[in-house]
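Next come the structures, one after another.
In the two complexes below, chain A is the common chain; its partner is chain B in one and chain C in the other.
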Partner chain A sequence: MKNFLEVFLGILTAMGGDVEVGELTFALNAGSKFEYALLPVVLLGTLGIVVYGEMAGRVAAVAQQPVFGLMRERNGLAVGLLTLICALLVNVMTCSAEIGAVAVVLELAAGWHYRLCILAALAFLLVASWVLPFEGIERTFGLMGLLMTVFLVSAIAMQPDWGEVAAGFLPHAPPVRSSSDYVLFAYYAVALLSAIMLPYEVYFYSSGGIEDGWKPSDIKVNRFVSITGFTLGSLLCVSFILIGAQMLRPLQLDVQLPGTAVLAPAQEFGRWGVVFALTGMFFTFCGAAIETAFSGAYALAQFYGWPWGKFRAPRKAARFTIGWIVLFVLAALIMLSGVDPIQVVEYSIVFSVVILPLTYLPTLVVARDRIYMKQHVNGPLANALGVFYLVLITLAALSAIPLLVLTHGGKG
Partner chain B sequence: MRDAAEVRTLLWQAVVILLALVLLAAWAIHASRRPLRSDDVRLSAADLASFAAEGEVIGRQLARHRLPRMYVEEEIQFLADEVVSVRASLWQRKTPVALAAAVARVQEGAARTGAELHALSTLHGDGEAARGTAERLHAIADELHVLERVLSR
Partner chain C sequence: MNAHWDLARDLLDHELLDVDGMPCGRVDDIELEDCGDGRLRITALLSGSAARAPRQPAIVRWLMHTLDARAIRRIAWNEVAKIDSAMHLRSPAHALGLDGTERRFARWVARLPGS
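Let's look at the complex of A and B:
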């Protein structure tokens, strides 16, 4: 009974903690611009994050090695340090965008001045990260993030043509006005794939597995939670695309502000829809900010071999603790300078996919290594999927920046 | 020897990263100073059309009392700030003669959008007035979409 509850809570936590502001805006715009044509990318990305997350979790449980520990060992110092610097930059960018989005939500709800909201968000994140144990952080923000299901219910309440939605999952040509829109479609495909397969989620998941004391006996739980949790989390992504297609596309409305998303629950459920949406967005963006800050601190500590983890007292993992505090403060300072959080998250999502192969490859190599993994090594299916996704994310990584430039930052 | 080689590699990496950052900064400065192109005006029209469309949605939902007051005021302020930002991006750069008429139409659309958004933020429970403002924002969005399509040819 206790195990069942643990697994159930783990799934709900993964579902509620799966969304961040980049996935929200990209998925809404994907539906607005291309109707259901990008639903196959959601399927592809979901399977990809399940494959990557399951491998990273299995490696953490068996080899007791998190992603960045492997990465330095396998890639060497030069490539490893370059990957670390790029990953930290991307983490800071993503964290700052999430803090900016939290501040926007606070301003929409309370009417405070934007910069005051940034400081309030920073204070809340620092206190929550200090006071709560690791499991408490996961549960609080993951479970409260489930309020985001108001978007799923809103999408269903809009009564889309379910036949068209089902057909949308089959790859098909997007509805475009000109040939240049195909380039924009390719950009959105790469960006959506990146938003679903954000690497910080896997750094956090695998380090969290070690924080939770996973052993080889937890492999089945890891497999079940990663498959179910990430898949259910992608339901929200699908609902954003449906909302974009149903509500925003007829008006040719592009989402450029986090608050625009709230109009869908408001349309279906009035003020209570707004309350649920803003509360869900607050907790889910806070959760994403914490995951990115901790992922950065994990990466730094694991790369240099410093003691790390919330399971250690702050004094015993001092550099790790200072790491996530500095990341939060840096991220908040970036937002205080006045940059647009949506623009920052756009760049962070593009650069995330550029560095994704550098951390994915060591994980795949170790997951296939019988010396490390013993009887828990990749089977034929895991190997085939692992190699398929390595090729796919490498192609996405190579095309991301050219597509960003060609599409004027995704505007067309 | 190995340490020296590693240090050299790291130094070269630092040089490459610094060079990339300098080039990026130079490109950003150049991009902000070059004259307006057709794409810039088209994208501005598209952005403004989108802000007007969101204002229309807010107006319609306000008419049905589906939005809290605080959300309406703050979201409209965000939209108004974005409209100002688009106008400023057009003012700050040199306009070629061939684009002058298009830029003037976009600026006019921006001014009308800003005015209607301001009107929306001052309505207090007046459903009929909110519906009227929503209709006008719908018309502005339509005009800007037409301009965007003309500029994309």
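Let's look at the complex of A and C:
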């Protein structure tokens, strides 16, 4: 019975903690601009993160080290250093976007001045990360993030044409007015894929496995939780596309800030819809901010061989602790400088896809290595899917910057 | 222990764990001795920013030179108790002088409540 509860909580936590502001923004806009044409990308991305999430979790359980910890010894100093620098830059950017999103939610909810909201968000994140143990962080932000299901319910309440939605999952040509819209469609496809398969998710999931003390006996449970959790999390992504298509498309509204998303639950459920949505977004975005800051700190400490982890007291993992504190502060400073949070979101997603191959290749390499994985090495299915997705994300990585330029920063 | 090692694959850049399992750096370089008959013997593992320097790109070397990063710590080969994916050492980190930087930062962190 206890095991069942653990698994159930694990799935809910994974589901509630899956969405971050980039995925929300791009999914809403995808629905608004291209109706259901990007639903196949959600399917594609979900399978990708399931495949690599499972691999990263398995590596942690068997090799008793997270993927990044094995990166430097497996790929050498130069590649490891390049990956570290890219990971740190992208994590700071993404963390910054999430903090900005939290601040926007606070501004909507409490009416405080935006900059004060950023400082409040920073203070909350620092205190929560310091005080809560790892499992406490996972559970709190994951479970409270489940309030985001109000968006799923809102999307259903809008009563879309379910036949059209189902057909949308089959790849089809997007409804476009001009040929330049095809380029914009390609940009959105790449961005949405990136938002679902963000690098920090793999790192955090792997280090989290060590924090949670996984052993080889936990592999089957981990597999079930990761498949179910990530899949259910993608249901939310689908909801945002549906909301974009149903509500924003007829109004020709662009998502300028995460607040636009709240219109849907507001319309369907009034005041309580807004309360659930804002609370859900607050915890989900805070959770994503924590994951990105910690991913950066994990990567730094593991690369240099410093003691790391929330399972150690802060003074026993001093440089790791200072690492995530500094990352939070840097991310907040970027937002305080007055940059447009939506711009930061956009760039963080685009640069994430550029470094996706750097993240995923080492994961695949280690998961295939019998010396580390013994009898739990990749089977033919994991290998085939792993290689398929590596090729796919490399193509996406190569096309991301050109598409960003061609679409004038995603404006078309 | 093995008679022969693939230095790059099995030793270099691997993690150092002290007797209590605490990470205390990575193998940044390896000290070898010429046995005189064409074979080389490992005498020590080296850890620290200066030990990494020759393998780093020029700009990183310049940066470290500017910051005057000269740390090299030497771990005698007989200090290594076991090798799997990490080097397990016989002694605690402070006995081997591997925890200096971590302790310096720990003094700062220890000032915060609940550390």
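Here, the second predicted complex is superposed on the first by the 412 of 412 C-alpha atoms of A that agree within 3 Å, B and C clash if a C-alpha of one lies under 4 Å from a C-alpha of the other, contacts with A are read in each partner's own complex, and residues count from 1 in each chain.
The criterion applied here is as follows: contacts are C-beta pairs under 8 Å (C-beta built on N, C-alpha and C of every residue); 3 or more make two chains touch, one makes a residue touch a chain.
Computed from a prediction, not measured in an experiment: that's the story for all the values here.
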item	value
Three-chain arrangement built on chain A, chain B and chain C clash or fit	clash
Which superposed partner A:81 touches (first chain B, second chain C, both, neither)	both
Partner chain in contact with A:372 - chain B first, chain C second, else both or neither	second
Partner chain in contact with A:72 - chain B first, chain C second, else both or neither	second
Partner chain(s) touched by A:316 [first = chain B, second = chain C, both, neither]	second
Contacts of A:253 with chain B and chain C, given as first, second, both or neither	first
Which of chain B and chain C A:63 touches, first, second, both or neither	second
On chain A, positions contacted by chain B and by chain C	77-78, 81
Residues of chain C defined as touching chain A within the complex	8, 12-16, 22-26, 47, 52, 55-57, 60, 85-86, 101-103, 105-106, 108-110, 112, 114-115
List of chain B residues in touch with chain A within their complex	6, 9-10, 13, 17, 39, 43, 46-47, 49-51, 53-54, 56-58, 61, 64-68, 70-71, 73-75, 78-79, 82, 141, 145, 149, 152
Contacting residues of chain A [partner chain C, same complex]	63, 65, 69-70, 72-73, 76-78, 80-81, 130-131, 301, 304-308, 313-316, 318-319, 321-322, 371-372
Footprint of chain B on chain A - complex, ascending	77-78, 81-82, 85, 104, 107-111, 177-178, 251-254, 256-257, 259-260, 262-263, 266-267, 270-271, 273-275, 278, 408, 411-412
